[in-house]
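Contents: one structure, followed by commentary.
Labels run A, B, C and D following the written order; every chain starts at residue 1.
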Amino acid sequence: MPWTLLQVAKHNTSSSCWVIINKKVYDVTDFLPEHPGGSSIILKYAGKDATAAYEPIHPPDALEKNLSPEKHLGELDAAAAKELTRKAENREKTKDEIRVEMAQQQKPALNRVLNLQDMEDVARKVLSFRALGYYSSASDDEITHNQNILAFSRLFFSPRVLRPVSICDTSTTLLSTHTSLPIFISPAALARLGHPLGEANLTRGAHRTNIIQIVSSDASLSYEAIADARPDPNQVLWFQLYKNKDRVKAEARVREAVKLGYKAICLTVDAIVAGNRERDIRVPWMLDDMEKLDSAHEVEGDDAVRAPGDTKMEEMSINILGTAGALSNNNDRDMTWTKTIPWLRSITKLPIVIKGIQCVADAVLAAEAGVDGIIISNHGDYSLPSIEVLYRLRKERPDIFEKIEVYMDGGVRRGTDVIKAICLGAKAVGLGRPFLYAQSAYGEAGVVRLVRILEREIVSGMQMLGARSLNDLIPEMVVKVDWQSRSAKL
Amino acid sequence: MPWTLLQVAKHNTSSSCWVIINKKVYDVTDFLPEHPGGSSIILKYAGKDATAAYEPIHPPDALEKNLSPEKHLGELDAAAAKELTRKAENREKTKDEIRVEMAQQQKPALNRVLNLQDMEDVARKVLSFRALGYYSSASDDEITHNQNILAFSRLFFSPRVLRPVSICDTSTTLLSTHTSLPIFISPAALARLGHPLGEANLTRGAHRTNIIQIVSSDASLSYEAIADARPDPNQVLWFQLYKNKDRVKAEARVREAVKLGYKAICLTVDAIVAGNRERDIRVPWMLDDMEKLDSAHEVEGDDAVRAPGDTKMEEMSINILGTAGALSNNNDRDMTWTKTIPWLRSITKLPIVIKGIQCVADAVLAAEAGVDGIIISNHGDYSLPSIEVLYRLRKERPDIFEKIEVYMDGGVRRGTDVIKAICLGAKAVGLGRPFLYAQSAYGEAGVVRLVRILEREIVSGMQMLGARSLNDLIPEMVVKVDWQSRSAKL
Amino acid sequence: MPWTLLQVAKHNTSSSCWVIINKKVYDVTDFLPEHPGGSSIILKYAGKDATAAYEPIHPPDALEKNLSPEKHLGELDAAAAKELTRKAENREKTKDEIRVEMAQQQKPALNRVLNLQDMEDVARKVLSFRALGYYSSASDDEITHNQNILAFSRLFFSPRVLRPVSICDTSTTLLSTHTSLPIFISPAALARLGHPLGEANLTRGAHRTNIIQIVSSDASLSYEAIADARPDPNQVLWFQLYKNKDRVKAEARVREAVKLGYKAICLTVDAIVAGNRERDIRVPWMLDDMEKLDSAHEVEGDDAVRAPGDTKMEEMSINILGTAGALSNNNDRDMTWTKTIPWLRSITKLPIVIKGIQCVADAVLAAEAGVDGIIISNHGDYSLPSIEVLYRLRKERPDIFEKIEVYMDGGVRRGTDVIKAICLGAKAVGLGRPFLYAQSAYGEAGVVRLVRILEREIVSGMQMLGARSLNDLIPEMVVKVDWQSRSAKL
Amino acid sequence: MPWTLLQVAKHNTSSSCWVIINKKVYDVTDFLPEHPGGSSIILKYAGKDATAAYEPIHPPDALEKNLSPEKHLGELDAAAAKELTRKAENREKTKDEIRVEMAQQQKPALNRVLNLQDMEDVARKVLSFRALGYYSSASDDEITHNQNILAFSRLFFSPRVLRPVSICDTSTTLLSTHTSLPIFISPAALARLGHPLGEANLTRGAHRTNIIQIVSSDASLSYEAIADARPDPNQVLWFQLYKNKDRVKAEARVREAVKLGYKAICLTVDAIVAGNRERDIRVPWMLDDMEKLDSAHEVEGDDAVRAPGDTKMEEMSINILGTAGALSNNNDRDMTWTKTIPWLRSITKLPIVIKGIQCVADAVLAAEAGVDGIIISNHGDYSLPSIEVLYRLRKERPDIFEKIEVYMDGGVRRGTDVIKAICLGAKAVGLGRPFLYAQSAYGEAGVVRLVRILEREIVSGMQMLGARSLNDLIPEMVVKVDWQSRSAKL
């Protein structure tokens, strides 16, 4: 029963809400309250074609997984399909699209990208305004985001000389997996916002450079598609888990990952609520302003009409979700050491890594809970920078490094950053945003280039320290100083 | 006996000084030396209509309270009233008024105000130059004003993970009053400078969000009008007291507050002399320059004609009062622990809170003096930032927090700021300027929005720390760092 | 025997060097090697009229004191005098003179000068480029000059409340002299560069405000003229001594000061060599560039023609003296505690103050040497800031404050700066540059204004600290912090 | 057998690669893999005239030393020579050449260069873009390069007064050689990039000022030419050694230095791998862009075509060598204390100095290894600043200064910097870049001027500290402070 546009258009309210995606019609009425991004964003497209908004931020299997088959109402009729195609073809490009196209043409040859900052600079030019808003924003005033980077600049080296380093081995094993470098791809969501091939760029780049990729729960490709993107079925991927508050869904997600061959589960515990990424939130308004669209529909002073005593946080948070916020709405906010870890152990025999440790005390609890590794990492503003937490862990509880593998991410931008973390006891460090930028700017080649840059920096950095293997990197080589070598942006 | 303009105009000297306010004539000759703002500012309007200058910075009952009935000389005659009306209508708008009107039209929808800085940014655009000068200025080089804010950026968190936080309670009790959040409205003077409804905006906003407002002694509405603005007579207001050096007036003020139902007296002890708010002082000159008015009347080098040895500070301070300075001229500068607290106790049974504690030693004295609470707060430049004093109090005398309720204000701009203070033992924190900005920009809706923003930030901040109630916020969660995360403006 | 211009013009070499000053002819041939500013600067005017260059930087009695009577060759003849007058009248104004004249017309009314920075800002506009170069420059990279100021911003207050302060006494005694405020005028050279009345402005201003002026050895008025400028012969002046390396001259200078009624001798011990004030040195070049004069006479690469091994520092230093450097050439560089202090004691019974103490050890030596006071002060770059030295002296040797009067200067710009120094034990603090700026901008009235501003700031600062007299200002009120409240300019 | 251009042009591949230098033809096919700068840079000129690229960065004897005689194929024929001359003459100047010529004409007279920053400022204008890229760049983010300079600004003085300093002796002995000042010329490569006379400027300037020059292994003049440039055969030069990984070549280099009369061997141990000098690497691309040359030959995304797992670092490093990188390719990266020092001792009886010590532990090892001196120095990013290492060595192991002579270089820009190092126990400090800038800007005269400036600053700095000889400079005169006096550039 193919649909006309008129038929669909009638279902444009929360009582009956149909949308068109890729010329198929779906009844999402019942799904409205479940949508992680809130219902209002769907209602914007009620009765209309939502393809352009839907595609880059949903894995292709999202509808399948979340919508029961009877809600798949079928195809548009030929005229409607033709009309949509015509519209899409005739659609005038937005100013932002035009800007991006020009930037793509002018971007420098990849061999002129010398460091991760160069890569980010290119990405900032070729990314859509929306993607950049999501990729680059961080919580509140972005103090911790900046300090994650700056904290490395407060660690200096005491290099040793007259040690043989012509042969320099950067390889290591992470949870028994051999990897060429002590780095991994941290889980980062929505890679397709930056590049049509999305997470597959990361997967293939990781394969070519022999490093581990941790796939995000919020990937914009399906977990299966990512697993399938591996050139070699033995390539090791780890799975990052946002535990759904619905236990059934949570369990299903883990089982899917296990089935697809992921080799470890990284349970994220520090992002149970969305960070307040204001630059991300402002994106649609700024785009509107940019395109000078009619903004008469905006409600002025929504709070002015709220009844006294009415403190519904949900309502407000819907207003200010942004791309980032939409992702965390279904997270389980009541996880505990005694409940959640055993639950996970009960589902899978895979190694468990806890991602989001932010203080020494929790690192100790993790070791006691018997997990296999931790990733020191943070999301909220004013959390201590990751490398600072690592520094304190080394100083206060060096025994922990014997019990579990300790990783960190956040702020790594140079080979010397990696080396500092390894000196302090980390087995490896993760990079998230830099990989998103690299794949956005140059696809898979960008990912490989990024690893090669780090490899070169790590090798020469080790040689300058007098180290021929990661084991030679020891805490005594790192000196914490009390001066500022770089200034905060704010 | 209605007056003609000509009749009034003859009384234009300090020997006989009449002014017109709202078409009524007053003889203020005897009041000249008592005027907190000094006599010269009144003499500027001697024999003339002073309504425009008088209204926004005086509560409507100011004349009644300060001028004996026989000095109320009666109404203008009809011609005079008409003439003044005509003049007011025909008066050309100043450049600043035109700027403000345009800014009002262009201000963003309230739901686009995401944080307190956004709110301040809007206010800075819609406030008159004079109001902004008063609201935004601080003592001397504004070092402490800036450091009040920056000091928070030297406190980081050690967040805890895997703790249940889906339900998160931000409520508390302040001196037995339940409040939805650990924040209150700090006393801030002259709200009508920023918005015609002035302090009533704060009162109604406080009611809708269930927080406590501390009403300033220098409110631009009468204490009664503010009390009457409460939608619910059970809404709790506290009264901030600048103790007049005239004991009779001081006592009368307290008794009025008690009678009107205020629930606590906050005695301010740190602002007995006016801060040297230079930006405020410069306002009239800059307005003059802006309007390119004739400034030929200015006296050059006033000191040049002063006799040797003549060090009359009063004279000079009159020259440089500004809006802020005018308010503190009648303050009692000889208050003591042994005299003033017992005096206050003798007048009222209300709880007493000492506002303006700036060091550990005085916090201890306050506890010993048996007051109910203290507000760590400051006015003068180079006073230690409030949060720093709180930090030291926690470290040096944790017992004080058991004996009295400790609050603080100064520099709070984010939910994380609030959380830091609560972690260190504060029962609640006050915000002053942010509320003035909010009501100036959007009236009552702005006040509500501001609280909602803080609520959201506090809730998610607590969740990120692993805290489900204020009791879970403990000193160990706060780490003082020795680096700069933000730079000083100066 | 009146001279023609032609006759004078013939004596234009170092073998016979005549100059005209105020239409009188002098033979300065023998004096060339003695000139503190070096011979080359005189030779520039050999055979010519040197009045314009000579006047603002030499006291009127300089020729009398330094040139034997037979070298006073007499007057110019009438034609020559007329010719010089004509030239002077017809001389085109330089660009810098025109700029200064305009700035003088536009300078703000004195009552708009609210603080010392305002005063400096005015002075910087009305000062000639040359005077500004000399007044504002400091050694090398001006690090210590800046840090003298910035170091105060690392000291905060712990103000006390509920103390009676309505009456606040700022007076003190310095070496038995009563003074209205704990401030004095530090010796600062060449006041006439900034204002025609020069040091007399300071003297009269000091009288009107009842503070002590320390007269510089390098004053641009004679010591007698300054003494005569006192409205009251009982006004107390102190004399700052640069000890000449010629013992006879040194002794004569002291005896003159004693005879003229100066009440203390401040022996400067830290400026025996000229600071490297590069901005001062560059002044003539920059003026040349500004006026686009022909600079063809400049020798390129003077070092290029110097013989190997030739390390004559004198030659080079002549090249780079600047206004500041010229003043220190005759200073005794071999003073010692055991030789110089007894020598001074042997000449005069006046109290002796050592100016230029820069470390705790020398403060101790001064106390042991039995002098009456010390001024912590500095000239060279990277000397510890004065207030920092005072802080360390208080901490390490509090007993010294019982034995001698301790003063400081350097970087004082606010009343709070003064208060900090008093808290740490200083009896008074000196200000040098600020007084030069004040008298340059507004003459005597500027000096008075500056003191009044400080008085007001000191009084209100003390009241905010809960202090009613200088004795109430104690070390515990000052807290050293480890953050930057202001940023360095460099 | 003179060659035609056509004949040469045929040998334009790696199988047969001929180049023309100064109108002579060379077969460099076999040399390609040995070239320190990699083969690709030679292949750019295969079959062509390479003179312009070759000359400024190779010592004239480079071909002789590196190419066996049979590869010297002989001269070009007359027509070819004429053609090349014609081409060279007709060649249009590049934009950069034109800029440099103008800058040369406008540079200030040398006597206006007051300090080392002035000198650098001039050099930055007159240097070619390429030379500046090489001279001014440093590793990675140049943090350590900046901190080498800034670290001095965290050391202040405690000057002593009333000490006789009219006679002030700055001389010292370095490894028994008398020198006029405690400074030496640090080895710095490729002086001819900045000035046609190159290293000879330094040699002659060192002679005229009686200081020691350490000649770089990477000098752009032959070691012999530099030795011959000495006006006096007794002038002392030291030789800096990059030990070649080929032991025969390494030994030959040492023997040559000994034979030529160099008086000490400074073995560099911290620069065995090239620093990642990105500004240097970008030079050719930026020049291309500047000249708008056709850049169509660039390979886009070189990594994109690399096979998976292919991690050939060599290949990548060739791409990103820059001028600096090219120099370090043949360095021995397997030196050890137990192997390399004895080897060097076995070849020569000259004193041995280890250059590149970066921590206390290695200073101790050096003393134990019995070398004669060390130079605290660094190349890699985030190495602790040299003066900081010196400070720590003084604090932790003062005994080391008794056992060996300790020098440092890195960041010295003022006489006060030199004095600080001497206070902390250094016998002398080296300057590298400042001398390169000085000779680039003004040739030999610039070198002399630079020393004179430092001499004057050192003398007056010592006098201000109360020191009459270097022995009077003691650790107690240096105070480490915890504030920033200068800000980092980044």
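Just so it is clear, a residue touches a chain if its C-beta (ideal position, glycine included) is under 8 Å from a C-beta of that chain, and two chains touch if they have at least 3 such contacts.
What you see is a predicted model; the values in this text were computed from it and never measured.
Novice: If each hop has to land on a touching chain, what is the smallest number of hops from chain A to chain D?
Specialist: When the steps are counted carefully, the minimum from chain A to chain D is 1.
Novice: Could the interface between the copies chain A and chain B be described as same, meaning over half of its residue numbers are common to both, or is it different?
Specialist: Copies use mostly different positions to touch.
Novice: Measuring between Cα centroids, which chain is at the maximum distance from chain A?
Specialist: C
Novice: Between chain B and chain D, what is the separation of their C-alpha centroids in Å?
Specialist: 63
Novice: Please work out the Cα centroid separation of chain B and chain C, and write it as a whole number of Å.
Specialist: Distance between chain centres, rounded to whole Å: 45 Å.
Novice: Got the chain B residues that touch at least 2 other chains?
Specialist: 482, 484, 487 - these are the residues of chain B that touch more than one other chain.
Novice: What's the complete list of touching chain pairs for this entry?
Specialist: Contacting pairs: A-B, A-D, B-C, C-D.
Novice: Provide the residue numbers of chain D that touch chain C in the complex, in ascending order.
Specialist: Within the complex, chain D touches chain C at residues 109-112, 114-115, 153, 155-166, 180, 207-210, 231, 414, 416, 420, 442, 444-445, 448-449, 452, 455-457, 459-461, 463-465, 479, 481-487.
Novice: Along chain D, where are the residues that touch chain A in the complex?
Specialist: On the chain D side, the touching residues are 140-141, 143-144, 146-147, 150, 154, 245, 269-270, 272-276, 278, 281-282, 285, 298-304, 306, 308-309, 311, 313, 316-317, 319-320, 333-337, 340-341, 354, 356-362, 365, 378-384, 388, 482, 484, 487-488, 490.
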